[in-house]
Every structure is written in structure tokens, then in C-alpha cells.
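Below: one structure in C-alpha cells.
As written, the chain order gives the labels A, B, C and D, with residue 1 at the start of each chain.
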Amino acid sequence: MKPITRAALAAVVAAAFCGAAWAQAKSAADGIAEYRKMLEDGNPAELFEAKGEDLWKKKRGPKNASLEQCDLGKGPGVVKGAFVELPRFFADTGKVQDLETRLVHCMATLQGLDAAEIAKTRFGQGEMANVTALATWVASMSRGMKFNLSQAHAEERRSYEIGKRVFFFRGGTHDFSCAACHSADGQRIRLQDLPNLTKNPGDGIGFAAWPAYRVSNGEMWSMQLRLNDCYRQQRFPYPGFGSEITVALGTYMGVNAKGAESIAPAIKR
Amino acid sequence: MNTRFALIAAAAGAAVLLAGCATGPSKAELDQQAMALMKASFRDQGIAKVDRLNQDLGQAACSTDAEVSDEVAERIRNEALASIRWPAGGQYFGNWIDGERIAQSGRGMTWTDASAETRNNGGNCYNCHQIDKKELSYGTIGPSLWNYGKLRGITDVTAPTAAPIVQYTWAKLWNSKAYAACSNMPRFGHMKVLDEQQIRHIMSLLLDPRSPVNQ
Amino acid sequence: MNPSRREALTHSAALFGLLATAGLLPAHAQASWSQTAFEAKSLADAAKALGGGAPAESKDVTITGPDIAENGAVVPVGCSTALTGVKRMAIMVEKNPNALAAVFDVSDAVDANFSTRVKMGQSSNVYAVAIMNDGKVLYGVKEIKVTLGGCGG
Amino acid sequence: MADPMRIRAQSAAGGKATVRVLMSHEMETGQRRDSAGKVIPAWFIQEVRAEHNGKQVMRAEWSPSVSKNPFLQFSVRGAKAGDKVTIHWTDNKGDKRTDEATVS
């Protein structure tokens, strides 16, 4: 026992000395940056990408069909580049849809699955977990590409304007809005940087980083879940999965992110 | 004169129409649509009911990236100031140890919280503020509160000279909108997020000369 | 994932099934899991349970990890040494309920250098421990701070 | 059955291959409680084995302190492009998973 006690003491003393010098050279923010860098190699999102790719190609549902004919906006079966142009207007549904609502639409029309049932399912469970895995894979196919949402259709412009209003909507017990935390540069909650989502926050930040693997709970988070939990923390009531305001927020943030390089699926705290 | 006015009015009307064709719904229409979609998109979950979307004057006025008019801002501040409940028995202070615990906690009032009772709630303080320097993980949305009392010259919280700062701090915690109409800080007392006793503890954390914040 | 990788996965799964059916694989690994070492509360006790002597600090054994972790659920850590004659390498987190997180048997066919990610309940010293063929136990240590993050609700 | 692992094995300087593995597993500690207050039983990978062209080169024992969806990196000496690296894991419930990758 003795050697360890003495050695441990020596280590503590040494650490204290190094610590003092170190603290001046390196802030907590730098330390966090180092931590994030270490996690980049070996992002468990890869496990979900693989699952999503399988789900895309597998024949499933009452119609025993794959999703390979799903039109994510660039034509049936075109996956590469689709993510960085969503949400967008789809003529066949007459609506602006984000990645997840479009995937559910394809699961319903091509595979015969029940869209309403999926929308009601909890995140991380059953077919909802499959939607998240599919979204993770679809996003990964546009990694490194730049966001370029269309504003050509009147509905796309309307979606942006609605999204902007929703973004600034204050309410709940704490008077929070999305804007309360995400409309200024260089701010953070605890040690987490807050992207300014009212303008282009830069490459791989904000909208250009989700879906992401959350290390805090070891789950894959899609954009719909990201928004859902933002609203939970805002102390708002529960936003419906794929509801119009969630899609409109996607349009607002996505258009604002124009030109930003996608790093999705990322890894986050 | 009348004719000329009519002509201008007609031209203006035509311009509005043209603009309407080119850009889709008007600003007012979009405002209305957004509000309707907010109501349609949310549902009750646990303690978080849809009535949380019913905005009061300040919430509605501060839901935009535009500046709030001076007149509206003043109304919000005055209403907030009038809403403040001063502590029973003039007792403003608790203990800073509990204050630190409340400041650290970001819990409460979400749809995953079982009840809205204040004892379940935290103050979320470190989410936005530096407070005790020992805590490395602090937010920067609000100003640093390190040495909050010391910088304001508080050596004895009961001294008459301390009264203005003590009262201001209580009011800020109870209803932050009393001093800034569109403050991002929650109205802890007014919205029943924290109770009087919890606010006393935070008061001690910030103002007590013995609190680690004022070393 | 590239197609050849996927095929390889399928093949290996099938192969594994065959081997299992043929009774060529052990039914359970639990029997060989070092229960005593994993239940140890301290570095010294864990080292003893793993067949080593009293631990001594050594600059030749390195623990890698961040100075500060954004979340204690996933903390990247690595243990390594360039010394020869290493039997096992271990990673220990002093303030976890059970200190020993992982232990690796070293052979001539692998470097004594392993990286993984561990959970940390709070800020703590983290040790890289080398158990040598002669029973000596050498370690490197570093403190990793765990922070509270996010909105915390 | 458990989801497949992701294995990358890349030849590196010094005539070895760097192996990076991601495993899909809950790694439940046995110390958490569910919403009803009941302890969630421990469920974690206990043993990991690595083979190079069929020969065992590494064996590890893990505790539930290893993070959910575990990551493991190590280097296999003498492994070159085209060689096979096989990873096996077994958890405390006896569930197993084996996956294989080719060194690139």
C-alpha cells in the first residue's frame, strides 16, 4: 500500500503544479474542444448509418417493398445531395416536407406502413427508431456538401416566413423562445456553444450538424428530436412529430444555413 | 384635393395588390397563420399544457426581431414592477449553500417533470451566468455574477446603504421584466418557478459577503 | 459502409453460427470474467486481483484523455506503454463505484496501446496500469474533470 | 440478435494495422433506476476477443464503466492489406456477436 500512497501524492502534487501553469495556457473551452476532437474518430452514428442503409434497401411493410424508389426531392432513389436541400416543396403531397416527414411519407406510400401510427411512436422506439436511422444514413450521403435550400416555390417562401415567426415566439413558464438562446453570436449555455441560427452559423454548426449522436444518453438524435427536446427545455407543450411548425423551423434554419458544409451525422454532448 | 387623395389611395391600393401577387401572403396574414399553426402543432404533455402558448403582453411584444416601441416597453416594465411581491417580514436572505444548489439546477417545469411544485425546480442560473468561479461550466447569455455583492460594495446586507441593491436584486429575480421589457431572464417569482424561500437562498449566494461568490 | 464490408459481415455471422452449432465456441464467457478485480474499489486491490504486486508510478506508462470532459457518459481514454514484457494493460477510474473499467491481455501480436471510452460519475484520477510478466505493476495517472453541461433539465 | 459492429482495419506504418471497432450495446451499469424506481439490471459486454487471420491476438475484459455503444482501438502487429481481422464479443447475458473486416 505504501508505494502507491506516496506515488499518488507525488502525482497529485505534480498535477497541481502542471495544473496552475496549464490553466493559464488553456481555458475550459479549449479543453472541451480537445475532448470533442478526441470523439470525432469513432462516432457511434456509424452504427445507425449502417442500420439506415439496410432499412432503405430491405423489403418491408405490408407491400413488401424497399424504399429505393423514394423521392427525396431529386428524383426517385436519388439520395446523394437530397439532405442539403431539405425541407422543400413536394408537388405530390402539395406540402413542404423535411427529411423525416418525407421518409414517413415514403414508408406509407411505398411500404404500406401507417404514417399516423409512426408519427405517434416515441423517439427511439419501433418504426420511429427506423426513421431516425434512415435519416442518419440519408444525411451521411451528403456529408461535406453545402446547404442549398430552394426558395423558388411560394410555399417554400411561406414556410420560411412562418418558421421565422415560430423561432421568435416567446411563451411558457420561462418566457423562452428559440431566439432567446440562438439569435446572438458567441454565446453559450454552460460550456456548450450556441449557434446563431438567425444567420449562417458556419460550416458544420447548427442545422448542418444534425442528425447527431448524443453522448449524454447514447442515442441518435434526428432534427425532429432535436427540436422536440428544445421545446421541452423551453418548457413549451409537446410539438407534434412532423407538425407544420417543426418543418417551418427546419426551412428557416436550413435557408439561413445556405452554403454551410454539412458534417451530419455529427457527435454531440 | 379630394380627387387627388382618391387617386393616391387607388394607386397605393394597386401597389399593395401587385406586391401581394409577387410575394404571397402579407405580413399580417403570415403573423396570423403562424399563430394558428402554433396552436395546431402543439398538444398537452404532462404538466406542460397548451395554455403555455397563451402569451401575455410582454411575451407577445417580445416575439420578434424588431425593437419593441418605447411606449410598449414602458408598459411591460411598469406592469412587471407592480407585480413584484416583496418578501414576507422584510426577510430577503436565506443561505448561500442552498442558493448554490438552486443556481446549479436546470430542472423543472418541463413535460418530463412530474409536478410544477417549486421545490422540484432549479434556477438555471449557471446555464447563462458565471457565478462562483469554481464552477467552470457556466453560460454567457447573461453577465458574470462573480463578486456580485462585492463589486456593489455590500459589506453588510442589513445596512441601510445596501437596501437599494438588495431590493433591485430581489425584484430582478422575482420579475426580470421590471428592468428590461424583453429580458431573456425568466420571471422566477412571478411565474411561480421559484418560491420566496428559494429566492432568498439565491439572494444570499449573490449578496452575502461570506458567499464564495464574493471572495 | 462499403459492399464488401457488408458481405464480410454476413459471412462472418454465418460462420459464427456454424461454429457455435458445432460446439467449437465456449457457451459463456462469464466464467472467465475477473469478478474480484472488477469489484475492487481501489487500484491496489484491482492490481492484486489481476495477479500483480504493489503498484508504482512510472513515466513509461501513459494514460491519454482530455483534461476536461463535456459529458461523463463518454470520456475517451487510452492506455499505452513501450515497455516489453507486458502481460496486461488496464484502465481504472478512481472515483467510479468500481475502479477497474477495462483490462486487455497483451500478446506479441498487438501493441500495448488500447483506446476506448469510459463513463465517469465525477471528476477523478484515471489510471493506465501495466501488469508485467514478472508481476510488477506500473501506472500512469491523469486527472480528468467532468463538467455539467447543457440546459440540465 | 445484436446489431452488427463497425470495424475499420487500416494498415499503418511499422508493418501493423490499426483496428477501430464500434459495437452496438447498451452497456447498462446496473446502478440506474427506471421511472418506476426499479433498478435496471446490469447488461454489458464482458469479453472482447480479436483474431488476426484466425489466430487470437487480443482478449479484453470489460466492466459496465465502458461507455454505451463502445469504441475500441488497438494495433495488430504484422497485419497487412487483405488480412482478416475478426472481433468477437460476449455480454453478461451470454449474447454474442462476431464480425470481420479486411485490412485495407
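Methods note: a contact is a pair of C-beta atoms (placed from the backbone, for glycine too) under 8 Å apart; a residue touches a chain by one contact, two chains touch by 3 or more.
These figures come from a predicted structure and were not determined experimentally.
Peer 1: Looking only at C-beta pairs that count as contacts, which pair of chains has more of them, C-D or B-C?
Peer 2: Looking at contacts between chains, C-D has the larger number.
Peer 1: Whole-Å distance, chain B centre to chain C centre, using C-alpha means?
Peer 2: Here chain B and chain C have centroids separated by 47 Å.
Peer 1: Please tell me the distance, in whole Å, between the geometric centres of chain C and chain D computed from their C-alpha atoms.
Peer 2: That gives a centre separation of 11 Å.
Peer 1: When the centre of a chain is set as the mean of its C-alpha atoms, what distance in Å lies between chain A and chain C?
Peer 2: It comes to 31 Å between the two C-alpha centres.
Peer 1: Where in chain B do residues touch at least two different other chains?
Peer 2: 110, 112, 124, 126-127, 136-137
Peer 1: Considering chain C alone, which of its residues make contact with at least two other chains?
Peer 2: In chain C, 1, 68, 73-76, 117, 145, 147-153 touch at least two other chains.
Peer 1: Taking each residue of chain D in turn, which ones touch at least two of the other chains?
Peer 2: 4, 6, 67-68, 71, 73
Peer 1: Strictly by the criterion at the top, what is the full list of touching chain pairs?
Peer 2: Pairs flagged as touching, ordered by label: A-B, A-C, A-D, B-C, C-D.
Peer 1: So in the complex, which bits of chain C are touching chain A?
Peer 2: 1, 6, 43-44, 54-57, 65-71, 73-76, 117, 125, 141-143, 145, 147-153
Peer 1: Residue numbers of chain C touching chain B in their complex, please.
Peer 2: Touch list, chain C to chain B: 68, 145, 147-153.
Peer 1: Which stretch or stretches of chain A touch chain B in the complex?
Peer 2: Touching chain B: residues 28, 154, 157-158, 161-162, 165-166, 168-177, 179-181, 183-184, 186-191, 194, 198, 231-233, 235-240, 243-246, 248 of chain A.
Peer 1: Would you mind writing out the residues of chain B in touch with chain C in their complex?
Peer 2: Per the touch definition, chain B meets chain C at residues 104-108, 110, 112-113, 122, 124, 126-127, 136-137.
Peer 1: Would you tell me which residues of chain D are touching chain A in their complex?
Peer 2: Going through chain D, the ones touching chain A are 3-4, 6, 20, 22, 24, 26-27, 67-69, 71, 73.
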